[in-house]
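What follows is a set of structures for review.
Look for chain A in each of the two complexes below; its partner is chain B in the first and chain C in the second.
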Partner chain A sequence: MRLYIRIFLALFAVCLLGGCGFKDIDKRFFVVALGIDQSDNEKKPYRLTLQLAVPSPKIEPGASKTQIESIDSQSIAEGVRMLKAYVDKELDFGHCKVFLIGEKLARTDYQNLLQWMSRRRDIQSVADIAIGKPDAESLLQVQPLSERYPGNTLFLSFGADGTESSYTYVESVSDFSRRASEKGLDPLMPVIYKDNKESFIINRTALLNKKRVKLVLSSTESQLFNQLANDFTKSSMHGMFEGMDLVVAITAIHSNFRIGKQNGEDTITMNIKMRVVFEEAPKGLYDEQWRPIEISLNQEYAKSCIALLKKIQKANVDPIGFGLRYRANHPGKDVWKEWKSIYPNIAFKVNADIRIEGTGLIK
Partner chain B sequence: MNERIRLLFAEAVDIKLEVLHNSEMTIEIAYIAPLCEENKINDFIIVPFTKDFYPFESQLKTNPDYRKVDDVAKWQDLMLRGNVLIEADGIIYSFEASRIISIENPQTQVESAIQGPQLALSEDLNISLNLIRSMYPSADLSVEEHTIGSLSKTPVLALYDQRRVDPTVLDSVRTKLMTINVEMLHAAGELEKLLVGKRKHLFPTILITERPDRITKALSKGKIIILLKGNMFAIILPATFFDFMHAMEDDYDAYWMTRFLIFLRYTSIVLTITLPALYISVVSYNPELFRVQLAFSIAGSRSAVPYPSFIEVFIMLFMIETLIEASIRLPRYIGSTATTVGGLILGQAAQQAGLVSSIMIIVTSVVAISNFVIPVNSLSFAIRFLKYPLIGISIFFGISGVAVGLFVYIAYLCNLRSFGKPYMRIFGKLRPLEGDVGQVKIK
Partner chain C sequence: MNRYVFYNFMLVSFINLMLYVPHILIQYRYTGAVSSIVIGILIGTILVYLYTSAMARFPGKGLPEILKLYSPKWLVSIMMFFLAIMWWFATTVVVVAYAVLINRFFNPDANTIVILIMLVLACGYAATRSTLSVMFVVEIGLIINAPIILFVLFKAVRSTQLSWDAIRIVANYVTAMPTLSCIAAASFIFTGYINLSLFNRLLPPNFRFKFRFVYPLFGAMILLITFFVPIGFHGTEGVAQYIYVWSLTADSLLMQYGFIERVLFLFLLVYLNLTLVYTMSGWHQAMEFVKSCIPSYKPEIDSPKTPLSNYVIVGIFALLSVLYLVMTNEKINMMITSYWLIVRLFVEIFIVIWVFVLSRKGAKAA
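Right after this comes the complex of A and B.
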């Protein structure tokens, strides 16, 4: 019996000691967003900005409280270590869902940053990554009015839980790191702006090569790109028919492409099938023949697609993955070199096939 | 005879020793009054003897209810079991006139079912046997009598279907029943412990039930039933883990609903075992497992709590366990008050006082409620304990520790045997054609 009492006492004493990994949730500081900028200091080139959540039991609109900490440092990892000395709780990146890269840094070199993100174990691969314009720090300081809990607005803007905008391209860390290393598939990222009030605008997309930003698409181009590359349906399309303004909403879209020779010329042929419903159209459209409208919409859509593809080609980036497809279909050691010589001069052909499903009205 | 009986027993006022005379003969009768039905003695002995329509002596010889006793050593025993001893012409007869006080036709209380039989077993062996025999009218039903307890001399009946029973199990049960050596035996739970032998078992390996339908179903599956005098519960063995998770209504209600209920039961058993441990390991080791909203609200509600998460868990679990214990032991009228006071007021106050977080209150109630979902009480008690070792592990090793702990439990379950039968195994249907040859030798 004495032995049992001793064992019990020992266990009881041991229970009072937590392990090293044991850290209660309220003793952790959750980083909800991390901004990385290039600083003006040459010796300490990185400026880290951490948006830390201040948890509160009440969750209601406007009740979100955050704390912003920033530091200049020689490297990112070192900066985070240093920042621990600035706060009272353990920093936890487990809930960090948004990484913002300052525009300046994105235009010089992002590789170091990517290394750090993919090596740290508490950074989740599902986190979203974006470019902040003009810099990440000022964006993180925005406090949107409707925010219910820290970081919510940014989380919602990206994930499928909240808004699903056709202008926003959502890029995750895992996809980004894949694209950053894959030959024939180049990374891309959404660009976040701050408007003068207390909210964000995410409607442009930056195309990068393996090192830096090469091209920033405008908002209409971003939408078109989303339709082409992501089959994004909740979007609309603009068109003209005999001087009438038409806006159609896309209900279904499927696109595929083929690389091959046509008339002795290397060509990428894209087939895009779409089903659309009118959103804005003049009266009386119901009684008209839809086929001519479809044809003219087809032509217009194909034209704008080719323009976009040419623009991307000119910047010498490949976010859709033509190169990857070419490498997959062509055996041999020198495919990649071959492709690099083909791509700048390749021709594009787009076959759009738009089907009008209805006018959106009963009659 | 009466002189000898007086010597056999201690001085007791309730032992009746009488001498009766009629015109023909003199008889002596002896019985213990409180154990016997006075009416029966009047109707069968005193009245026929004194009226003397029919010679009482030939009545003693013809009626099989009057049994001849040759062995003097049995006198004590017979009288203590409620028999009347009669001496006529130097021959001793015994007459069974025992009076058994028991609840008349008790309703099922522990395992109640909305459909299905509402009658439970009785404390009287005869009534219980009546119920079982009438629900299982088979010539193959074999009933063996044993007596356990050197002092209590409790009659114990072992019932089985002689064609379907597994002879090895039957053998081991027989030897167990014969070798049990105790003074007193009153409850089925007591017998269960004696039968299992291992004193420190974590799971019940023998099913205790009060439902006659469960018993007859078990009989048809070749199991052995043990009935105890003075006890409303029967023992079914061997039992598997899945028998304990089976409510009788699963056989009576609509198919999909009962499948869903079974699923619900297994989910809640997992919840009640792991939830407190998972709470500790997620809150203190891997908070990224929560959604962001939940993480922040837990962090917010925990910020007032001064202790680490496991102390919080211990506080709440201690409270809920004492509550459950108190409401079982209290008289039924006070029981509900105790739960109201404890559940509503203490829970709310503990959270407002900053002793525990609001999520912890939900965790505790889920643990308690899902524990009650388990249909058989003895398993529900065993499961109640299982969460504590897991909590201990989770304090040091987090989620991976909990996973390993669960694995250990499953390994232990697979290692268990119930009278030689694997405990964690689903036994298929018994095909009657194969069991047609009688397997059991009647001893």
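Right after this comes the complex of A and C.
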């Protein structure tokens, strides 16, 4: 009796398995990157570009093959549905690790796009997001020479597995969506260019407010920003000492900031501690006193930091999260209004503390 | 044997994520959640201490036997039947929520009802086993899954994405007046002790509760992580928009060199196990309570043959769960759950005080 029941249950479970809608892996198209642009067509404002991986038996540099599909549509969700009619396999976003937003769209309004991404269950929060210049579509058309897997180049540029550039700010979808709604912390994204048919350049950072791009940092500023906000080592710094050019590599960096009143004025004080090694310096530096060099480096670094912070302040964005810290330190209801009136006029003070560790392998 | 008490406590404190506890607390993050958490910890601790010291006076006896010692049978039967409904509900909500979650994250093409039937069959079969077997399954389930959950929690707390400023902003709202639904949600973390109502039968006569200070510490830690980590990840404003806030938090984490890169899937699988174990344990308790209403009932902890009544009662539970899924949707489920949490708080306080009074009475009589 009990044996029959057991057999029946097992068979019953097997029967139920057929009801699931699994599709085999060879019946799926894996989307590896998604580009969203603003089209010129007013009725269909979004242009979606999907980079689809074409499975290939060879895994060698340059063997990656991709298929690009684009479509203009009224909304993003409808566009993706419509694109299913363009291809023969089921679209799968499970491996979509890079999202590119066209510059034009990023300069108008990104909130719709963000909402779609947060709502979709198959868009992973750990994916990277970036702005494509001049537009996302042309960037996805680029076929890098050394690419081994479809879509791998862009993804490697962002992760810590491949290149780690001090100029590249890496932004994930979850962080972006946090910043897009948080009071006192504004979003930012890397900007991707292409130089020719085969490669990308990612060395600039766009700062956004809650709706659109407000400011695009130059590459030097982007690197400085990464040092300030992310404590990014593996970067370098340029300085002058008595008319001589110096370039130092940063081996350790630590920064923090305080908001408070100094001489009756609201001030943000940033303390930056750094350990550096010389990469480019005039010969004979080893025998000189290092302290004066450190002091002049400090002054120069502080000056460029303040210039960057002032520029960010002028654009009225807050990517470092000064506002968030202010809200944390001042409990109360009207603190956010208060901060909004303080921030445009707040003063900056940067205390750089650079320690020279050595001059490299030669004196 | 103390570890068997702790397993129950741990299981319930982990499962709070499936009962929308973080969601409820986060909704009220500016209006009383933080102070409610403090009060919830206090209430939870007091209840744990009262109930364990009361239960220690009745070694080897479950709640039905204890109540029957001093109260008329019909009253006990009504009480037990009511408790069975409470227990059934607690677990059904979890298993239904998980069926929906599978549909959302694993396979949107699959039918939710089919998924639920599969889950319910597994839990139902396990729940009909003897009390001792159920306890062992809980132990195995926790030994396998708890380290992974602690790993995910640890990873989340150590993540650089976690914004301590956001956490501090919300923590500053500690002065807001606590609300009832928040206190109910917060104290749920500590509610594992109430499983002693049945599992006390397993404890040997010379049993003593040890290391009771661990319960409040562990509960408080889990509660604080449950509430504050999502806020640190999704910001003070953004966090309120998510329905499955912890799934999203797990999805924000990356295991670069793990077998699966997305922590989400690890997290969901582990919670699948926990949900099954929790549902099994809950249904088993509800089943025993229903059986205790039958006049000829004799408590048994390890019967060699499974009585037919087990199958009948659990079968009804399973059918009702499927019905529950058909009749509700995500929104109603969440609303009902938040009311259930409040009712649970009062019922639990009532039981604990009742049993505690009985235990003192018994001491005087003896």
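Simple rule for what comes next: the second predicted complex is superposed on the first by the 340 of 363 C-alpha atoms of A that agree within 3 Å, B and C clash if a C-alpha of one lies under 4 Å from a C-alpha of the other, contacts with A are read in each partner's own complex, and residues count from 1 in each chain.
Following the convention adopted for this analysis, contacts are C-beta pairs under 8 Å (C-beta built on N, C-alpha and C of every residue); 3 or more make two chains touch, one makes a residue touch a chain.
Computed from a predicted structure; not experimentally measured.
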Check whether A:Arg121 is in contact with chain B, with chain C, with both or with neither, and answer first, second, both or neither. second
Looking at A:His95, would you say it contacts chain B, chain C, both, or neither? Reply first, second, both or neither. first
Just checking: does A:Tyr167 make contact with chain B only, chain C only, both, or neither of them? Give me first, second, both or neither. neither
Quick one: is A:Leu324 in contact with chain B, with chain C, with both, or with neither? Answer first, second, both or neither. second
Is A:Pro150 touching anything from chain B or chain C once the two structures are fitted on A? First, second, both or neither. first
Check whether A:Ser177 is in contact with chain B, with chain C, with both or with neither, and answer first, second, both or neither. second
Of the two partner chains, chain B (first) and chain C (second), which one does A:Pro55 touch, if any: first, second, both, or neither? first
Does chain B (first) or chain C (second) touch A:Leu185, or do both, or does neither? second
Can A:Phe30 be said to touch chain B (first), chain C (second), both, or neither? first
Touching both chain C and chain B, counted on chain A across the two superposed complexes: 19, 21-22, 124
Quick one: in the complex, what on chain A touches chain C? 9, 12-13, 16, 19-22, 118, 121, 124-126, 159-161, 172, 174-175, 177-183, 185, 321, 324-325, 327-329, 331
Residue numbers on chain A that touch chain B, as the complex places them: 11, 15, 18-19, 21-26, 28, 30, 32, 53, 55-59, 92, 94-95, 97, 122, 124, 148-152, 155
Touching residues of chain C toward chain A in the complex: what are they? 104-105, 107-111, 114, 117-118, 121, 125, 161, 163, 165-166, 168-169, 172-173, 175, 233-238, 241-242, 248, 251-254, 256, 261-262, 264
Chain B residues touching chain A - in the complex, by the definition given at the top: 283-288, 292-293, 295-303, 305, 308-310, 358, 392, 395-398
